[in-house]
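Just below sit the structures, each encoded as structure tokens.
In what comes next, chain A is part of two complexes: it sits with chain B in the first one and with chain C in the second one.
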Partner chain A sequence: MTQLRRNVKLDQLICWWSIPIFYQFFGLIFGYLTKIMGPPIPGPNLTLEGITAFTLGNARHMQIGIVLLAISLGFASMGTGVIVVQMRRMSGPGPVLAYCYLACGAAAALPGCLFCGLLFAVSVFRPDRDPQIIAVLYEMGFVGFIGCLGCFATQYLVFALAIFLDRRAIFPKWLGYMTLWNLVTELIAAPVWIFRSGPYAWNGLISFYLGVLIFVVWIVCLITWLKKAIKNQPLEEFDPACTGTLLV
Partner chain B sequence: MTTATTLPARHLPGDPSIWVFVLGDMVIFGCYFAAYLFDRGHDHELFLQSQQHLSQGVGAINTLILLTSSLFVALSTQAARAADLRAASGLLTLGGACGAGFVLLKSYEWYSKLSAGLTISSNAFFMHYYMMTSVHFFHVLLGLVILVILRRELQGSAPPRMQLLETGATYWHMVDFLWIIIFALVYLMR
Partner chain C sequence: MNLTDQRICLWLVPVFGVVLLSAFGVAGVIPPPSPTLTAQEVANFYRDNLGQIRAGMITVNLCGLMFIPFYMVIVVQMQRMAHPSRAFAYSYLSAAASAGSIFLFADLAWSIAAFRPERDPQLIMMLNDLAWMAFISPVGFIMAQNTFLALGIYMDARRQPVFPRWVAHFNILTALLMAPGAFALMFREGPLAWDGSLAFGLHLGTYAVYIAVMFFVVRSALNHQAREAGAAA
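Let's turn to the complex of A and B:
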């Protein structure tokens, strides 16, 4: 019987593990290899020399990081998948919020990771390029990376809404409220498209550091309570025909 | 069937989880205030001069409007506890009307500043002014949506869920409280 219990949830557990692994990769790529997220994150007020030094001075690591990103980016979909499965179990909201979450997750990986990596990959691809062009790629990379908020903001909104409407308490209510913090931090990062220095610039205290801090707290809670949701899912919810096959 | 679902006399108002949001939002706004005070410390003169362009009168009226609104919402919660749902609903409408008044007056204030050429990129003071007030404005709009939901709850055929009413009221008081700090820091502090 214990064998059966483990097996019916195996697919979900594999996908669950992909989330901490994906964020390990994410931290390695953006924090250590490419240095795009610092620390400290390079700002919009760097000189032309500073930008060239940041981009080309770190070319080899940058390339390794972007190759890793290209390989591991799809991992994010596994995490989205298992969250959607748990959202579909909720009673109260219909499936529509889970589908919105899925669509946002699919769209968000492009501006949130790949676009930025692509631009830095191009800048180090041909190091003898005009520094002005490198500067343009640098700015596009950063404003896109920090400033493309819409997909994430809506994803947080539908997730929080689903938790509030859910009568089965698949996730605790406070996690819904915590998700709203993330929504607020996404909204307050909107002025990165305007400011070149200060707390609201893309490397600013409020636009970047506050957002990252709150995201880290939230993702740790999400990962922990997602595991609990999978663990607490009753076996009756699984298709008996399917569990029968597993017994054979 | 019009008696409200009762809660123990002494309890944390609303769903305890709302306090997770309240405290988190306070931390986020706390960072705003810290950044504002930090920048202000670096260029005190500029901040004082720019502050002269704000309309203290409009800010003070908005503070009064929001405080009155909070009072109406608190009275509405009390009325709902006493199962006087007609009064509760009416008081909530008054609270919402005050909130809408705040939105209108704030929009007028922004409009007059923008027409005077004072924009978000004018200087550091106006950057903070527009950022803080607009994030707060977003909170007010969300609060108005919540008040509409509460009003529907009061007017429904089923007895209202007291916890839901208290949760919404707690959020509205937080929005009021944040405005008082913004008003003190941005409009008044010399």
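Let's turn to the complex of A and C:
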């Protein structure tokens, strides 16, 4: 057999690349196209006219954004896949925490993201819809999106726990503490189900903006140190029978 | 090695393929009611076909996840591939599970619309819109599954690959052919509407052909696994 150049980490690297690419899409969809994550994002106290203006005034962009979401969201599971692979390398925690991470990621797709997109897609689908219905869809969309706590809280919890229990230090311990801070963002988002204005509303300074800020810092660190974890994975770990991927 | 579990999961496909197809037919989803219907016409559709819609949607509710065992056979087969890691297999599992929950969500919206057909027609139409969009437009999940499987096949370094190379091309091709479904949330008429030739016809036709072809592909992979296990024993 001829000598072929192999890269045994190619599958993990493809999955790794999907994470920054997906978050570019995510920012484009929620920050720019649909304007759901503004800024400034419209709040719970908007008038009926304000709600219809926000929803219908941006209808075409909103639809393009949600079409992109419907196509790209499925690919977010590649990020979960490679993180699970790295979590399974850990020594100390068994596979249970990795499987928890996988299950939470799978569970989060609908309540944590697509639900909101579908509701806004429905509300802009017919501009002549009763404004009261548009208002209900608007509220369900926003409060359900920002107020979806559990899938992510559990995911952050098991990820942090795994990092703390891991004796091989696949990820640095401080990333575990940062992940706990990310868990705190789900706690400070909990009041969005009660408050209709102020810092704890779904567009509030604490519940939304502080949460997003912490998340962005966390995801950048996760992406960076996940890459390092893949890069530092020793070649001896790879089964010689799994001869790796042919690059040529 | 005993492959009975995987074979049972595989044979659920033709059984529940027929069940789900008939349930959708009974419920009046195939062919789909047009998105251009007025609210009153949508409400009339639910009122006039109430028994059939409920029967169909309860069946879909019960049986809608019966393809999950088949997808998990594919996950197991992906784990047989000579890969350095199981990243694609885990990704596939996650995408399949998400897709299942979204499919059932669409079924819930249809069923809720049929629960109280005397409701304000505007609300029935809203639930009907939600059901159709949740059913037709989130194509990204099956596209992702097909892509992960295709990548897995391309990178399978076994001397005798688990799936032949053409299956990877086939998965990529079918993923692309299903993509127009996503546009159903934008258009009320034309080929990209939820009853259109591309978003509905091409999308679901491709899915049906895909499942049928993959049934035989997976069956032959299982036969191969059985022969391999026999040779090793």
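In the analysis below, the second predicted complex is superposed on the first by the 237 of 248 C-alpha atoms of A that agree within 3 Å, B and C clash if a C-alpha of one lies under 4 Å from a C-alpha of the other, contacts with A are read in each partner's own complex, and residues count from 1 in each chain.
We adopt the following convention: a contact is a pair of C-beta atoms (placed from the backbone, for glycine too) under 8 Å apart; a residue touches a chain by one contact, two chains touch by 3 or more.
Keep in mind the model is a prediction, meaning the values are calculated, not measured.
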item	value
Combined model on chain A where chain B meets chain C, clash or fit	fit
First (chain B), second (chain C), both or neither touched by A:Ser77	second
First (chain B), second (chain C), both or neither touched by A:Leu48	neither
Contacts of A:Val96 with chain B and chain C, given as first, second, both or neither	neither
More chain A residues in contact - chain B or chain C	C
Cα-centre angle that chain B and chain C span when viewed from chain A, reported as a multiple of 10 degrees	140
Which of chain B and chain C A:Ile21 touches, first, second, both or neither	neither
Which of chain B and chain C A:Val67 touches, first, second, both or neither	second
Touching partner for A:Val220 - first (chain B), second (chain C), both, neither	neither
Overlay on shared chain A, then closest C-alpha pair between chain B and chain C (Å)	29
Intersection of the chain A residues that touch chain B with those that touch chain C	none
Chain A contact footprint on chain B (complex, rising order)	15-18, 20-21, 24-25, 28, 31-32, 34-35, 39, 120-121, 124, 127, 131, 135, 138
List of chain A residues in touch with chain B within their complex	172-174, 176-178, 180-181, 184-185, 187-188, 191, 194-195, 198-200, 204-206, 210, 214
Touch list for chain C against partner chain A, complex	35, 82-95, 97-99, 101-102, 105, 122-123, 125-126, 129-130, 133-134, 137-145, 147-148, 151-152, 155, 157, 179, 182-183, 185-186, 188
Residues on chain A engaged by chain C in the complex (per definition of touch)	8-12, 14-15, 63-64, 66-67, 69-75, 77-78, 80-82, 84-85, 88, 102-103, 105-107, 109-110, 114-115, 118-119, 121-122, 125-126, 129-130, 133, 137, 238-239, 241-246
